[in-house]
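Structure, as structure tokens:
Chain lettering (A, B, C and D) follows the sequence in which the chains are written, and residue indices restart at 1 in each chain.
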Amino acid sequence: MTPESNRRAIKLNVNDDALKETRVDGISAIFSSLKKMFAPVHILTENGKSKFGLILLLAMVAFAVVGIFYTPYAPNAYLFKKSMPPSYNHLLGTTGYGQDVFSQLLAGAAPTLMIGFSVGILGTLISVFVGVVSGFASKKVNEIINGIVNVFLVIPGVLLIMLFGAYFLGLKQNMGYLPTVIILISTGWAFGARTFRSVTLSVSKRDYILSSILIGERKLSIIFRQIIKSIMPVIVSNFFFTAMYGTMGLTFVEYLGVGNLQQVNWGTMLYWAINNEAYLVGEWWWILPPAILISVLMFAFILLNFGLDEIANPALKVFKKKKKVIERA
Amino acid sequence: MSTILEIRNLNVGYEGENGTTKIINNFNLKIEEGVIFGIAGESGSGKSTLAQAIYNSLRYPGIIESGEVIFDGKDILKLSKRELRRIRAVDTTFIPQAAMNALNPVKRIGDQFNDVFEAHGEDIEESQSRIQSVLNMVRLSPEVLHSYPHELSGGMRQRTVIAMALVLSPKLVILDEPTTGLDVLVEHDILRDIKRIQRQKGFTMLVITHDLSILYQISDWIAMVYAGEITEYGKREDMLNSPLHPYNYLLLKSLPRIGAERYDGIKLIGAPSNYSETNKGCQFITRCPFSKNECQITHPELEAGYGNDHYYRCVRTPDWKP
Amino acid sequence: MTRSESVNALQNVDMELNQNELLGIVGASGSGKSTLARILVLLYRPTSGKIIFEGNDVSNLKGKNLRKYRSQIQMVFQDPYASLDPFHNVEWHIKRPLVITKYDGNINERIDSLLEQVKLTPPSQYRNKFPHQLSGGQRQRVYMARALATNPKVLIADEPVSMLDVSLRIEILDLLLSIKKSLGISIIYITHDLNTVSMITDRIYVLNQGRVVEYGDTKSIVTNPRDSYTQQLIKAAPDPYKKIEVD
Amino acid sequence: MTALPIKYIIKRIVIFIAVFFGALTLNFMLPRLMPGNPAEIVYEDLLRDSGGDINISFLHQLEAEYGISNNKPIWIQFFSYLNDLFHGNLGISIAFFPVPVSTILYEALPWTLFLVISSITISFFIGNRLGRYAGLNRNHAGDLIIDLFSMFMAAFPAFVLAFLMLDIFSVYGKLFPVGGAFAVGVNMGLNVPFIVSTLYHAVLPVATITLTSLGGWVLGMRNNIIPNVNSDYIGFSQNLGLKDYQVKRIAYRNALLPNLTGFSMSIGLSVSGVIIEESIFSYPGVGMYMITAIDDLDYPLLQGIFLMVIIAVLVGNLIVDILLGILDPRIKQEGD
């Protein structure tokens, strides 16, 4: 009987291993290191859901990159007639303030994505740190950390967003996106920490970790050399989850008016559209495009999150026709 | 005595990226009514796959390519889902590997028994006496009926599973690794009890395990399986006292036993492997210390050994015997 | 099992291990034999009593001294599918203990010689393999090479063959014997299986519910067991030649 | 054998108290961590808005209201804060001056609870059924559709959905009221017109919250039930010839309990959702007041709401956890 952990590991190792065996010299060395760099991407394309999510996400990134270098008009300038419906000159019409919606959409993509990604990365880093430390520390430390995590888990995120938001509003300083990112990270790390704590607890009880303790490995070395590697799929999956939270959180922060409303992103676009009751006067071109793009972005993250779970968790694995299975007695 | 189970030309494989990997190759076996028939095999032999194929409970990606499994005059592999469900637990039953985990964790044992009655249209009130008698057989007190599985020890859960499988008195009982994960002392007790019940009720029992020692201890007949094929089968005593296949011979020699001298002769080499389709000769050739050129060329067929109830698959017999 | 339970799992155990001895510890599950193994490597601490190693009480060691003690007393686990890190190859597994114990020779040569020691030859064929590419028996050998890399004086083998195929068991047990002979280290072989114990050990202790019920020379105990529990274990040890008969 | 899992329940209650105390402390600390002090901020805003028409004594009154005083040590402040709490004194609202916060909460809470409980219950049942169907029929078209739909719903911003619903069904469709909890002119109390009117007004908010929280249940149930389908006990029940509905029932019941754990965790999430929806549907619950409190920087009200929501969430958690302990026989062991 092979433990589950093993089967999971085998899955992830296969790529790695196939790469190791190719002897490297010259151009093939570059090629091989490129392949190695994209090995995780290979894993993502294994599953239909994560593949679809990846395609959507890449499309979003491409859209954002275009938006950085080119917009038809200045996104924040009040240049045009107010509330014009879509036309050849204004693909998605104009806002109630006379701005070009399509330009705003393009320009707002990069900050929206950046917030999603930075909340995803920083939030995941914090939760990995907290989770792994608590999962691998002494019982006492573990319980204290667990208590703190529980407090953050139980308190509704919206409350914290409001409180932190009110705090930053009170500062009356323009700090760009920093407050938003801080608010979202501080409300979004706890779930991941709980996940990492439980996976670390289970990994650290395995024989191969005990074995490392016995040969005299230090805790830090075990964490970095072994545990992080073992829980990597969970980390990546959690990254997408937290990134999704970050994107959704951005819309909340903006909707509640505790973010910086002068900046152009899909969250503020929604805020202004809603505040001007675009939905009541039939200006669908103002409210729907940012709403749909945000949904698609979050959809991409969630697809990647669930798809990766299916890859990492053998119990959820889909047997594609034509998949090699080795029988073990 | 009549034949209760007959396996004819059974081929089983696993579907994979490069077509199907064969696990069981052209398997033939006849089992007489009322005996304990043991099938022994190490990892890679395909014995668990075989057990599931015989019960027609193999799941994808495992597929039965061809063959028949005749039980009670019917081909089990051709039964509809509905017919198959009806004969299970009533005519034939399967006790799975790691049976102590096979109970539903959120339901009391008594209710799980009642589920079996409900499924087969038995009256639940009238059937309570059957539970009492079957619990009695496996030496469990009726109190377990009010327990949840996690409240019982591993051995008790194992006994419960056996009781549940036997409660409708099936004619053929298939056991896959009946004692894996059990404590030595419990293992011994359960084996004794299983055998006692079998002798009392007279059903046919098919035991499949990697543990040669316990297999020889309880079986009347033994078949050795290596890489998806039978290497030798026959009555226990013939198999034990004068094996005609090197695999059986060397395994028996290498089993450590209390008080026995250590075997220092020719040893089995290498590790067990799966069935190999590229190998046109003998499947055992990679590990056989007695192999000769002829073993590479011809695929050995089963040949009669002692009388009509012993067969072996080796072209070198009896030359290799010391 | 929680920690507090397992600490109580042993009571008043007195045991001695001689130099270059193959000692067997026998018991059914719940006898406390695995707890004993974990106490010996100080994964658990004894609530009372002492562990004396080379004349010094080691039961309260911490930090550097603990690591030093552990490098001298290594353990082989039951399940070779769980004791090797699936994300690292064979070479890594053997290299780490060498690096940690600051091996002062040529590490590469040492890895090769350790692999040869456990009969994984030629070493080059195994160094870059990952655990999932090895069979159960090969994994257990790799694990032994890892344990031997710290140059231990004592090797504790906790059910090292119970998850292996029948035909591989003898090879691993023979390996234990040859390690004992060639390296002169002491081995504690922990198992429920009296068959294998009787084959390779010099002396045995029989544990029942955390207590030593019988100990002494292996041969005399298996041929003439005094304690009823030992008798039960011997009776239950599977033997193909002893058919189970029922009336 | 069927006794309550006492140890488990005690453990839960201890955790409840610990988390509650943590939340209290956080609630106490936050206004004190604010830059300057909240009283000053409010005072300055009021000063600006009224064009210097406010007396400085109002600032001191505000400071007293917040319990902020620079000459008392922090632990004494904390003690008097706790003391006030246990006497039900949550201070006076600024936005609705001079109504006490406790009065506002007392009126708003039932409406919020009504929304939370009805929408959670509906989405729990529908979500579990859909998830059950998807998990048991995985890789069929039905599974894929349910799966993708759930993911998309989980990804759609809740408040946008609320606006769309409001727009389609109330503004254009004129099928449902645009706001409020019951029609004007209906007397509150146990009478038929009131109940009908309440239910009618709740349809849109409940439907919106249900839709946005559905995805979590569906996906949770689906992912719980799939490993169950491959479990040893399902295999054995098939070996015993159990009927299809029996086998599915076993898989479902085993998957349901872990999903209940998710249920307890998601109460906080649902409350978040409700807060947003209430403000959009002008539903007179806690959420609507919360938006007002934020807009007006009404700290006492905000603190009061914060506290109450946390209590509600914690109690919800406690109830579900205890329920789980009674329903799942395995938990009794774990509690030991």
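Note that in this section a residue touches a chain if its C-beta (ideal position, glycine included) is under 8 Å from a C-beta of that chain, and two chains touch if they have at least 3 such contacts.
As the structure is a computational prediction, the values presented were derived from the model and not from experiment.
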**Asked** Of all the other chains, whose mean CA position lies farthest from chain A?
**Response** B
**Request:** Using the touch rule from the top, point out the two chains with the most contacting C-beta pairs.
**Result:** A-D
**Item:** Most central chain, judged by mean C-alpha position against the global CA mean
**Value:** A
**Fill in**
Expressed in whole Å, how far the mean CA point of chain A lies from that of chain C is 46
**Complete:** So, in whole Å, the Cα centroid of chain A is separated from that of chain B by 50
**Request:** Could you put a whole-Å number on the gap between the CA centroids of chain C and chain D?
**Result:** 54
**Message:** Between chain B and chain C, what distance separates the C-alpha centroids? Give it in angstrom.
**Reply:** 32
**Request:** Note the residues in chain A that touch 2 or more other chains, in rising order.
**Result:** 1
**Residues within chain B bordering two or more other chains** = 42-43, 98, 210
**Fill in**
Listed in rising order, chain C residues that touch 2 or more other chains are none
**Asked** Can you list the residues on chain C that touch chain A in the complex?
**Response** 41, 43, 67-68, 70-71, 74-75, 77, 79, 81-88, 96-97, 100-101, 128, 130-133, 143, 146-147, 149-150
**Prompt:** Where on chain D is chain A touching in the complex?
**Reply:** 15, 18-19, 22-23, 26, 30, 33-36, 38, 41, 138-139, 147, 151-152, 154-157, 159-160, 163-164, 166-167, 171, 219, 223, 226-227, 230, 265, 268-269, 271-272, 275-276, 290-291, 294-295, 297, 302, 305-306, 309-310, 313-314, 317
**Request:** Using the touch rule from the top, collect the residues of chain B that touch chain C in their complex.
**Result:** 42-43, 183-188, 191-192, 195-196, 199, 210-218, 236, 240, 250-252, 254-259, 262, 267-268, 271-272
**Request:** Enumerate the contact residues on chain B facing chain D in the complex.
**Result:** 55, 57, 84-90, 93-96, 98-99, 101-107, 115-116, 118-120, 146-148, 150-151, 161, 164-165
**Item:** Complex contact set, residues of chain C against chain B
**Value:** 28-30, 135-138, 165-170, 173, 192-196, 198-199, 222-223, 232-244, 246
